[in-house]
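The two complexes that follow have chain A in common; it is paired with chain B in the first and with chain C in the second.
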Partner chain A sequence: MFKIWSPLGWEGGSSPIFKTTPVEVSYNYGYHAQRQYPPMSLKTLQLLIDTGRLDTHHPIDLATLCQTKVYRLDPNLRQFGVHLTAEGMDGFKAKVHLEVQWASQEAIAAVERNGGSLVTAYFDIFSVKALADPIAFFKTGQPIPRRLTPPADAVGYYMNPANRGYLADPTKVAEERVLLAQKFGYSVPPLDDPVSQEAQELIKDPRQVFYGLQPGWIVSLADKRIYKPLDEELVKHYNS
Partner chain B sequence: MLIHARYKFYRTFWPYCLAYPKQTQIFPFNIHLDLSSKSLKLPDLFKRDIPVKELQFSYTHSSGPGGQNVNKVNSKVELRFHVDSAKWMDEDTKHKFKNRFQSLITGEGYFIVRSEKTRSQSQNQADAISKLRTNINVALTPEPAKFTEEELKSIESGKKRFKKVTLMDKRRRSIVKKDRKYSDW
Partner chain C sequence: MLSTVRIACKSLTRTPGIFHSLSTSASRKMEPYKSAIHPDIYLYPGSSVQDQFKTIDPSTLIETDAQSFSGYIPMEALTVRYTDSQGRITADPIRDSRVDIRFHLQSAQWLSDETKANIQAKWGRELTKDGFLVVKSDRTRSAMMNTADGLRKLREAIWASEGQTPPANPELELEIQRKKQIALARKKVKQPKV
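Entry: the complex of A and B
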């Protein structure tokens, strides 16, 4: 899905009005730095699960979605992740553990109503490039990047428990789960035991990009090995 | 620091350990709040939860244009519950609620509210619950305070005094203006 929002006022190539007239200045300031989140609906998600393209027994993040090849992402077009929309929320019946980059309140409610869980997490562009096509990334031989913190205009979103941000306070997230259930009229179903081995798989550290892999490691598909850094400075850098 | 020591998986020293040192549970957050005793920070007067299990929902077709979609999809939501046998409302609130919203309560004592605002059943259900909550808040808002007879008398006498004073000022002013005119005698 290589859709990209064109600049405001763009007229398909001909000189736009705001350029021919001398009044408007800096109309599209910062366009080349704007982050975009191509949407995916709950309808397509349910379809992918029903047709067997997604496995609900494992957590679903950006990498698994891109590997289905139904949802595609181009990081070169400043596309930073998935925006989960609420279309098809009435017919959404799957129990999933999702990690997305943006989600509306209705989508969060539809996921949590069935006993699943949702996290909104920020990935910087180099991490997104790794996630959008992991196999191609591993073939380049680069070490897995250390995920960066969100920029200033995104920190508020990812620290907000209402959005299930990955930097939010857990007790406040629990409160918000209850409030959302109050709003949409369902009882909050209990989650699986969070301390079990399986549940630990669902948890990504804020510096982690892939499940089960740490930043700094080099995954070699040809050798079928993982190369880990031993130098103290590197280890310290990747664990900070 | 606790979390890093306990688990063997990759964990850096931020942000949970430093930002939320008291939290021993990390995502998925399985902390459940007991609603029966706690009042959530809700911006309304009825600061308690409405138990959804004690409300009856029924789903039907919405009205209006829309062809096959509106004919087939059950997006209209009707919410009803028996007011007298509701345990989640105090006697006081029940009394006020019944007085204020007699028109929405049937002869048998059922409160009914319908919603077909959106195309989605879930969102219409949310709308119906919000309507119920706003109605309860409207019933609980206290009546505006009315003035007593003594207070009304003092207000009236005050108005008269003010009018008297303004008239005196006006007359004084008009004399000053007249004195400025040229007069023969």
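Entry: the complex of A and C
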């Protein structure tokens, strides 16, 4: 399980030096607001696919990765999603359509050169809690949350086409795919097969948490039904 | 009033058989959800989110100056070989990290005649007997990164033949400066390197 980063200057429990000396005032300012993205390598991803824990015929998002129980996320430790790292990029052969929260440039290239696609998307902590264990979330009977927009320090990342941000200009993202292919020396494969078409149609709205489900819906696993809000104000809220 | 809809949770793939069979009914295809802040509505009206997956013709990204080298290299025109550091082809992508990129200069369709003449003038002596321009890289342990390094070398060689200096990389220069400062400070304090 991926541990949490300790505060800077942590001395195992005894009063840290920055607390005993009166000079350093805001040493760990904002520590409790810092977001963490536990990493997952392409090597692990390839292993999960090869051993049948992940199905590449459908797009893969954070919920799918957490359901494998190999990658674990603890939203209570301010872990906001998955950071796809490039370790194992040379042996990465799978064609996947991924939605992650952070991705390095080499990881994006490794995914795209095999004919896959990648989108980086922000989920606020309540959405992450729902995604980390969807079945447990549905059992609480809460309506699916309306996903929030990224905070100020993350907006730039998710609007950058080079990061394949979900808020970036789509035409610029298409250009960046060509540029990245030119950098790493491959031709951009066309995404016209049925699996890719399905992944493209299922691209999530900025307010959407789960594929195929809308914010405000209550999914009842016991009744095998979905309950949708009918009140005007609620409908307006969940569509805003 | 309650509405009854089939569950279409494609995220719940722990038991793919159960949920997948419920979700693939063509008759009940759901309309995609679009909130008020969907990029097609709020950020980039007039374009679609699906446009990011469209294949772009690279020639549309190149400036129309046909004489100088734009930087675009069609990968089909190059012969790229991956070997291990001894030059053997093991067919294991992790072991074969050394990259050899070559192409026949005079028969290259993707370079203008002026560029070819420049390259011949500057790098003529470096060509192989058969007239191939060869670039190799074994800088890192990753074939992908070495390919990027090889292409960088190739582009810089072509631009150098046209008289252009490689673009400045301020981040790299800052990093080199920072390391030099640390080394200098270490010398002054005479602490052993940890």
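Just so it is clear, the second predicted complex is superposed on the first by the 231 of 240 C-alpha atoms of A that agree within 3 Å, B and C clash if a C-alpha of one lies under 4 Å from a C-alpha of the other, contacts with A are read in each partner's own complex, and residues count from 1 in each chain.
Definition applied: a residue touches a chain if its C-beta (ideal position, glycine included) is under 8 Å from a C-beta of that chain, and two chains touch if they have at least 3 such contacts.
Here the structure is a predicted model, which is why all the values come from computation and not from measurement.
S.K.: Clash or fit: how do chain B and chain C relate after the overlay on chain A?
M.R.: clash
S.K.: Pick one for A:Gln208: touches chain B only (first), chain C only (second), both, or neither.
M.R.: Both: A:Gln208 reaches chain B and chain C.
S.K.: Who contacts more of chain A, chain B or chain C?
M.R.: Touched residues of chain A are more numerous for C.
S.K.: Tell me which partner A:Thr64 touches in the superposition: chain B (first), chain C (second), both or neither.
M.R.: Touch status of A:Thr64: second partner only.
S.K.: Where does A:Lys228 make contact in the superposed view: on chain B (first), on chain C (second), on both, or on neither?
M.R.: second
S.K.: Let me test your reading of the model: by the given contact rule, A:Asp90 touches which partner, first (chain B), second (chain C), both or neither?
M.R.: both
S.K.: Thinking of the overlay built on chain A, is A:Leu77 touched by chain B (first), by chain C (second), by both, or by neither?
M.R.: It touches nothing on chain B or chain C.
S.K.: Quick one: is A:Ala136 in contact with chain B, with chain C, with both, or with neither? Answer first, second, both or neither.
M.R.: It touches nothing on chain B or chain C.
S.K.: Using the superposition on chain A described above, determine whether A:Leu8 touches chain B (first), chain C (second), both, or neither.
M.R.: neither
S.K.: Is A:Glu106 touching anything from chain B or chain C once the two structures are fitted on A? First, second, both or neither.
M.R.: Both partners, chain B and chain C.
S.K.: Show which residues of chain A both chain B and chain C reach, each in its own complex.
M.R.: 89-90, 106, 109-110, 117, 166-167, 169-171, 173-175, 177-179, 181-188, 190-191, 200, 202-203, 205-208, 214, 239-240
S.K.: With touch defined as at the start, can you tell me which chain C residues reach chain A in the complex?
M.R.: 1-5, 7-14, 16, 20, 23, 30, 32-39, 43-44, 47-56, 58, 61, 71-76, 78, 80, 93-94, 97, 101, 142-145, 147-148, 150-151
S.K.: In the complex, go through chain A and note every residue touching chain C.
M.R.: Residues of chain A touching chain C: 54-55, 58-59, 61, 63-64, 67, 89-91, 106, 109-110, 117, 131, 134-135, 149, 164, 166-171, 173-175, 177-179, 181-188, 190-191, 196, 200-203, 205-208, 210-215, 219, 224-228, 230, 238-240.
S.K.: Can you list the residues on chain A that touch chain B in the complex?
M.R.: Of all residues in chain A, those touching chain B are 86, 89-90, 97, 106, 109-110, 117, 119, 166-167, 169-171, 173-175, 177-179, 181-188, 190-195, 199-200, 202-203, 205-208, 214, 239-240.
S.K.: Give every residue of chain B touching chain A within the complex, in rising order.
M.R.: Answer in residue numbers: 7, 9-15, 19-20, 23, 25-33, 35, 40, 42, 49-50, 52-53, 55, 57, 75, 120-123, 125-126, 128-130.
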